[in-house]
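Naming follows writing order (A, B, C, D, E and F), and every chain is counted from residue 1.
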Amino acid sequence: MDMNTLKIVAPVLPNLPWEDRPSGCAAPLWRYSKNPVIPRDLLPDSNSIFNSAVVPFKDGFAGVFRCDDTNRRMALHVGFSKDGIHWDIKTEVLRFTGADPEVAEWVYGYDPRVTLLDGKYWVSWCNGYHGPTIGLAWTEDFETFHQVENAFLPYNRNGVLFPRKIGGRYAMLSRPSDTGHTAFGDIFYSESPDMEFWGHHRHVMAPAAFEVSAWQCMKIGAGPIPIETSEGWLLLYHGVLRSCNGYVYSFGSALLDLDQPWKVLSRSGPYLLSPQTPYECMGDVPNVAFPCAALTDSATGRIAVYYGCADTVTGLAFGYIPEIVDWTKKHSIL
Amino acid sequence: MDMNTLKIVAPVLPNLPWEDRPSGCAAPLWRYSKNPVIPRDLLPDSNSIFNSAVVPFKDGFAGVFRCDDTNRRMALHVGFSKDGIHWDIKTEVLRFTGADPEVAEWVYGYDPRVTLLDGKYWVSWCNGYHGPTIGLAWTEDFETFHQVENAFLPYNRNGVLFPRKIGGRYAMLSRPSDTGHTAFGDIFYSESPDMEFWGHHRHVMAPAAFEVSAWQCMKIGAGPIPIETSEGWLLLYHGVLRSCNGYVYSFGSALLDLDQPWKVLSRSGPYLLSPQTPYECMGDVPNVAFPCAALTDSATGRIAVYYGCADTVTGLAFGYIPEIVDWTKKHSIL
Amino acid sequence: MDMNTLKIVAPVLPNLPWEDRPSGCAAPLWRYSKNPVIPRDLLPDSNSIFNSAVVPFKDGFAGVFRCDDTNRRMALHVGFSKDGIHWDIKTEVLRFTGADPEVAEWVYGYDPRVTLLDGKYWVSWCNGYHGPTIGLAWTEDFETFHQVENAFLPYNRNGVLFPRKIGGRYAMLSRPSDTGHTAFGDIFYSESPDMEFWGHHRHVMAPAAFEVSAWQCMKIGAGPIPIETSEGWLLLYHGVLRSCNGYVYSFGSALLDLDQPWKVLSRSGPYLLSPQTPYECMGDVPNVAFPCAALTDSATGRIAVYYGCADTVTGLAFGYIPEIVDWTKKHSIL
Amino acid sequence: MDMNTLKIVAPVLPNLPWEDRPSGCAAPLWRYSKNPVIPRDLLPDSNSIFNSAVVPFKDGFAGVFRCDDTNRRMALHVGFSKDGIHWDIKTEVLRFTGADPEVAEWVYGYDPRVTLLDGKYWVSWCNGYHGPTIGLAWTEDFETFHQVENAFLPYNRNGVLFPRKIGGRYAMLSRPSDTGHTAFGDIFYSESPDMEFWGHHRHVMAPAAFEVSAWQCMKIGAGPIPIETSEGWLLLYHGVLRSCNGYVYSFGSALLDLDQPWKVLSRSGPYLLSPQTPYECMGDVPNVAFPCAALTDSATGRIAVYYGCADTVTGLAFGYIPEIVDWTKKHSIL
Amino acid sequence: MDMNTLKIVAPVLPNLPWEDRPSGCAAPLWRYSKNPVIPRDLLPDSNSIFNSAVVPFKDGFAGVFRCDDTNRRMALHVGFSKDGIHWDIKTEVLRFTGADPEVAEWVYGYDPRVTLLDGKYWVSWCNGYHGPTIGLAWTEDFETFHQVENAFLPYNRNGVLFPRKIGGRYAMLSRPSDTGHTAFGDIFYSESPDMEFWGHHRHVMAPAAFEVSAWQCMKIGAGPIPIETSEGWLLLYHGVLRSCNGYVYSFGSALLDLDQPWKVLSRSGPYLLSPQTPYECMGDVPNVAFPCAALTDSATGRIAVYYGCADTVTGLAFGYIPEIVDWTKKHSIL
Amino acid sequence: MDMNTLKIVAPVLPNLPWEDRPSGCAAPLWRYSKNPVIPRDLLPDSNSIFNSAVVPFKDGFAGVFRCDDTNRRMALHVGFSKDGIHWDIKTEVLRFTGADPEVAEWVYGYDPRVTLLDGKYWVSWCNGYHGPTIGLAWTEDFETFHQVENAFLPYNRNGVLFPRKIGGRYAMLSRPSDTGHTAFGDIFYSESPDMEFWGHHRHVMAPAAFEVSAWQCMKIGAGPIPIETSEGWLLLYHGVLRSCNGYVYSFGSALLDLDQPWKVLSRSGPYLLSPQTPYECMGDVPNVAFPCAALTDSATGRIAVYYGCADTVTGLAFGYIPEIVDWTKKHSIL
């Protein structure tokens, strides 16, 4: 599949960060040679910066970053960048406004995603409210963030909005969880008429069988905002394998039906990227590659994926969407 | 508090099952002397009948019963009774109609609750859809049950509707769970404009501290449909203590704010009833007393509580609502 | 199916213990009204007598009994009976002879089975040899027991011989285990040319899906010696369900192919018997019904099943083999 | 051994509760035929009364009782009795006085022991201070109880004083534990010059090997105050076996060296008593027999053992000390 | 001990891979300076290549390699090499032929060993058949592999054949396991007259006591094919220590009796090699050094050990067998 | 705070190891650029050298070092150094003398601390006596070490003496534990009149709430000997966070009341140092930074902290005590 046959519904983004495929590399995704693109100590008191979300904004990029401080408290911070590589992250933590007092109290928040949707930038994140659930807020300027109700009951993580309404309703993927280091996890789909009440919950994907695709055999969760293509929604998602020495987070790709996204059209057996470099294998949580955002240039099909590395730093990886779509279909385990 | 000062919003129900308080008993709730009121083998192939829901219906009572068969498959059955004690339970399992095919497939269902709400009998139950969640359906005749969407994402149990809209919205209590014998559990409150989409989730109660009220220190969950009184919603709820020999399920009471039911006005430190009789202590799951329904006579303040015993049979217990309200306030741990 | 159409390959045994089906009972198996047939303290120092094996012997019956003493050490004892109900169990423990010194040392042994095979009474039991495995021995007189090699590597339990060679080889069912209270367990089939070396291992049955037959959803294991019928080998087997309060052991039935016994022809969804009486629900391990032996009268089709109750005492249950075969086929979950 | 040869260092106590050995009983200990001697609801708000300590006091008996209320909060209560069978337990909880404010705050307390020592009645109990540890207090009148420092760091349970100084120092047995349902437990010995500072810790006994004495193979702990005899300190102690359905608490006996009580002279392989009656097998924690006190008449050698049953009620058992000493030596596993 | 006194029963193998001991190194085994000798991505789609087996073949070497693909499916591949360092591994997976259809179905296979035995190259591996067990096959040309019956019932791993019959029978070491990340593991010995039926199981070694040799205190398993010497079978075996951060796999050596190999003559307390380099400490499973094969030159006593590193790549280590034999005896913990 | 306002009660120690703060570093503690200061293989047979204690001695320094050998047996060794950086560690293990034979037997010992106290060098360590507890010994010459009684009952770790009597008594911090990789842990304070009997146990600190300071949210334990300052005892202590991939050990600081050291005056929310370098993140136990000793120069306020890295090697970090005191107060979570 190439750019002539695959339609990508996304803006033209000529300034997305980019580095050509290294010679000899046949993989559909390759790492940025200067990874990690964001070091753990970019902020004066940051212990780690990872699992963060970026979008095109004005003539550059904006983002919501997970920055744990040296108390190892989880917090969100706003950042801006001209080139998507050098980031100016605010030292003060992001605080939301406007929520009902009962849910507005900040306990903790992490692993944000951001998408432009109906003219606003919507942020979803794992929000502490008597356990982890999915927080929601919107901004127009990355200065004031208007928090709305939590989408779901606890315990939930990895809530990821679709970038447009589907069938007239807002749509979100999420992974129901438990209160700890959850050892299970499927991806579900939910709908809302108003971003306030949610229902029509549908099961999307379970972990794969161990014999079929072991890197995703314990739990899975949606990664960046799904990318609309003529072949379906392209979803990058993480998968977890539990070895005798803990969890290993890799990520792969799937194509979801455009109108009924809980129907999976194809799903990659191989991972797109698994933790193999020192900055992915060594850090606060070794062996984690966890994507939360992707920038797409519909003109060239280029994609730049931001992913957390070892829960410590942020990495970048590059690819071409048509190639990834082809590869997903070719290596599908469905 | 007596019937002159406490207003109970419920029908007059002179035919509710009843037995006077035994002499010498000072407890706010006492067991029916002929317990278990429903034996395990009332149906030809039933292994157990428990955790079931009854409501006034026509000139008697109707109910939805959890009847596990001798495969120990969980199923729901409809039953009718003139006196609330002798039940005619249908041998065929209850099947719902009308749901979206994606959620209509029956996997398993258990622990139903039933309430009359806006002229229909609404059933909520723990419904198997890629894990346990809250199923919803309504009937007008206890013959045809119209299933609607599952209220929440998995994993959830003990979804209990309020018997009227609150603040213009349907309201439900539930206990988010995990995929197994969940070792945690708080009660949450959720709202819906339409029984289809749910939101505005609020935390109601966490388990109590071990030193304060140990029978409810591991997890709690709503029991029968809350009863509206002038002192607040009277909620009977179960609590679980984990000993070195497993879980013990008892139940107590709480009063919730009428308009903001997530605000707890009082909460009993003592249990109302804990497993102490052979039929509560011996059975498929020893040491379980688990209430799912209550009949109320607003004229006398009498209440008849149906509760599952040892996950095997069904018991009845009696009391006076004004006394229980008083007792709850007097022994509150808040 | 009746005695005209079902052929049972077993001796005529008019003196097997028996009690007619109680009126009103429709179940394929019913308990002896004087259960437990063997009390826990039949021996001066016995803590419990259960999970034991009996066979016709001379003009009565002989058996190998699991008798734990008041140290709660597990041991085997020989016993004799005229009527299968009143037993004379020897106070001294059974000791085997003739084994290689390396395996002859007695560590512990439990849950024996006995069958007449090629003119000898063969005993298999769970034998402690650096973990539980399957011990084997034979006797002709129930006085001297000749131990041979352990059949398998540890960790294994519930080794049950077939009462004749199949395809020219000895045949055994067993349940590979781990070192503790194993939370998994399938039944496997193995062959031996000589009772010394074993191979050709085949998988027979896994636990059933929770939604299909929950009483056998965690682990299963063969019970009494399989009974040869014209419809296949009738196997009674136990199944285990794990509740939040521990394991529950029930038992059901299956029909195995006569020539390839690893092929299951039918398998009961319902249990034949689950722990429901006080002597099954209360004792050293509550909620256990665990069959290890059955006496069969091929003339009448009667079967008397000996089963351990709560790991404390021994019970008897009765039925008709043709009815059980019919019932197994009718309620098969295959 | 008989009363002529065994010297028992204890008062003459002709009024200790007593019932002769039932005919046909050969066991060294037999149950009171009217057990449970103290029902669970002797107090208006008691959920259970068990694991309690009694001593001769004035012309009758006094005791410190574990009475959990219907919040299932653990508390201690004082009680008095003329005959050791009918008890008058105070409804108000026991409160200690005089301790340093830092340790005086009552959190929880359970499983008391009491002994007369140097003219005072000393109480030890499991005391909540940032986890369970051993609380200590003394009284002269069972009205005012003077609390001193906790003997040890958390986490500890079953602290049992010797009834006299040994080698010039106070002496205590205890069982170091963890914060939950501890799955291990040895008995240790400690000394103090002043009941304030403790040291010279010695290991006394570990759980027995599974193959040797399974009822005590997971953890053990001292029971009543040791009884001084010419054959050593007679210690009754509980042992725990973990089945697939939880913990089983039985108790046996040991003889400790008079001068170096950490040296075990003999230790019973069989249990003296294991949970076998309905009131021991059914209750808040099934299958528990847990002795905390014993009354001894040195004139006759009689002993009356108070033991908790199923963590719910209190039972009595009787025996003759010379017989128990003999039996312990005869069945010793050392 | 030197080459004059120690007899090694092995071919002369002058072309085995080799690198002299680094100066200053006193250890009996040293790493290849160019480790890892096989990188994780030698195959186009390989995620990792490790835990693999090599033997002399024709004028060079052949091997069976564990190559997990980027689905992280485990598979076996054949490879050839002239020098034992540069390997040509086939991209297609190894498929066996000739087995009974019931066991022939490929589910998964890993951790192979290969030995020349009676003129054929025998492969044993961990073979998925309703759980892990020991698969067996032979080849003469490393092109066609004839699978025979699985040697044992599940659950088993690390099945390692001896290179000749012992006492007239084939002989194998193995480590019975459970279904997951087994937390226990002893080495057992089994015999077979025909490679089809196995018996005469003997216990060889348990994990060492924590205080004696902690690196092998949780489980142990045989490594390469045992090497016959005049001092006994030299067995390299792995041992596992569980830290708070997971399992650590090291390896040591033992000498087994030539005729009764279940009798251990000496056993090293120190490890020969533990994970200390980045390629051993970082990868899919950190801190793993796992030997599966060794090449031996009987003329010089040289040994080249292939071992898996971090479950990701393959390393080489070198030594002299006489030195290792001496060292094993000198540092024996027996 | 500076040297003019903060009084440090410690010797003048101009020769303590030192390296100035790197330019651009704002942290209160910085690593030695030549870390690790002690490699794992400094001894011929050492597997690792870490968690060790040093003090000024004569014109240089002496220390007690945890040196695990290649059996991975834990042992203590004595060492000497002129500059605190280059160490001469004795190859023979440290053996204590003079203890009661019952406790003198060496089982294992690790994680020592050393302080000069009343003219003697006192060593405390985790000592194996039927489980881990706190061993105590003193020396005057680092040649003969006189062992006294274990301070506490098992199970205890991280026993740390104060360098002078407080309120006329010896004082120690410790962390009661369980028998394994304890998943809980508070710091307690105990007193002794004579180093023989201990009591007056007080709770000092519990782990912090996850939302407040996650690096210390699972367990905490005292590190080096507390340093007396005019602002209180400066305590460096480790804290543990459990991720899905195991424990992470960091360390921070607290100020304790001079006279009542169980009263915490301030406690750092941020860590002083967390594992971030390869030698802290990679090794036998990845992600461990564990301080056991500190050298202090009261003239300059300099502090040199020795800390174990990945349970493998020893690192050094430097700082100024007045800065650390200020920082602790400024970032206190109390």
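Observations
Methods note: a contact is a pair of C-beta atoms (placed from the backbone, for glycine too) under 8 Å apart; a residue touches a chain by one contact, two chains touch by 3 or more.
For clarity, every value in this text was computed on a predicted model and none was experimentally measured.
The minimum number of touch steps separating chain B from chain F is 2. Between the CA-based centres of chain B and chain E the separation comes to 59 Å, rounded to the whole angstrom.
Rounded to whole angstrom units, the spacing between the C-alpha centres of chain A and chain C is 55. Centre-to-centre separation between chain D and chain F, using Cα means, comes to 40 Å. In chain B, 245-246, 278, 282, 286-287 are the positions where the chain touches two or more neighbouring chains simultaneously. Viewed as a contact network, the protein chains fit none of the simple shapes, being neither a path, a ring, a star nor fully connected. Interface note: chains touch in the pairs A-B, A-E, A-F, B-C, B-D, C-D, C-E, D-F, E-F. Within the complex formed with chain E, the residues of chain A that make contact are 26, 210-215, 241, 243-246, 248, 269-271, 274, 276, 278, 281-282, 286-287, 333.
By the touch rule above, chain F contacts chain D in their complex via residues 100, 102-103, 129-131, 133, 149-156, 174, 176, 178-179, 182, 184, 186, 188, 190-194, 196-203, 206, 262.
Within the complex formed with chain E, the chain F residues making contact are 40, 44-45, 47, 68-74, 107-108, 128, 181, 245-247, 278, 282-287, 311.
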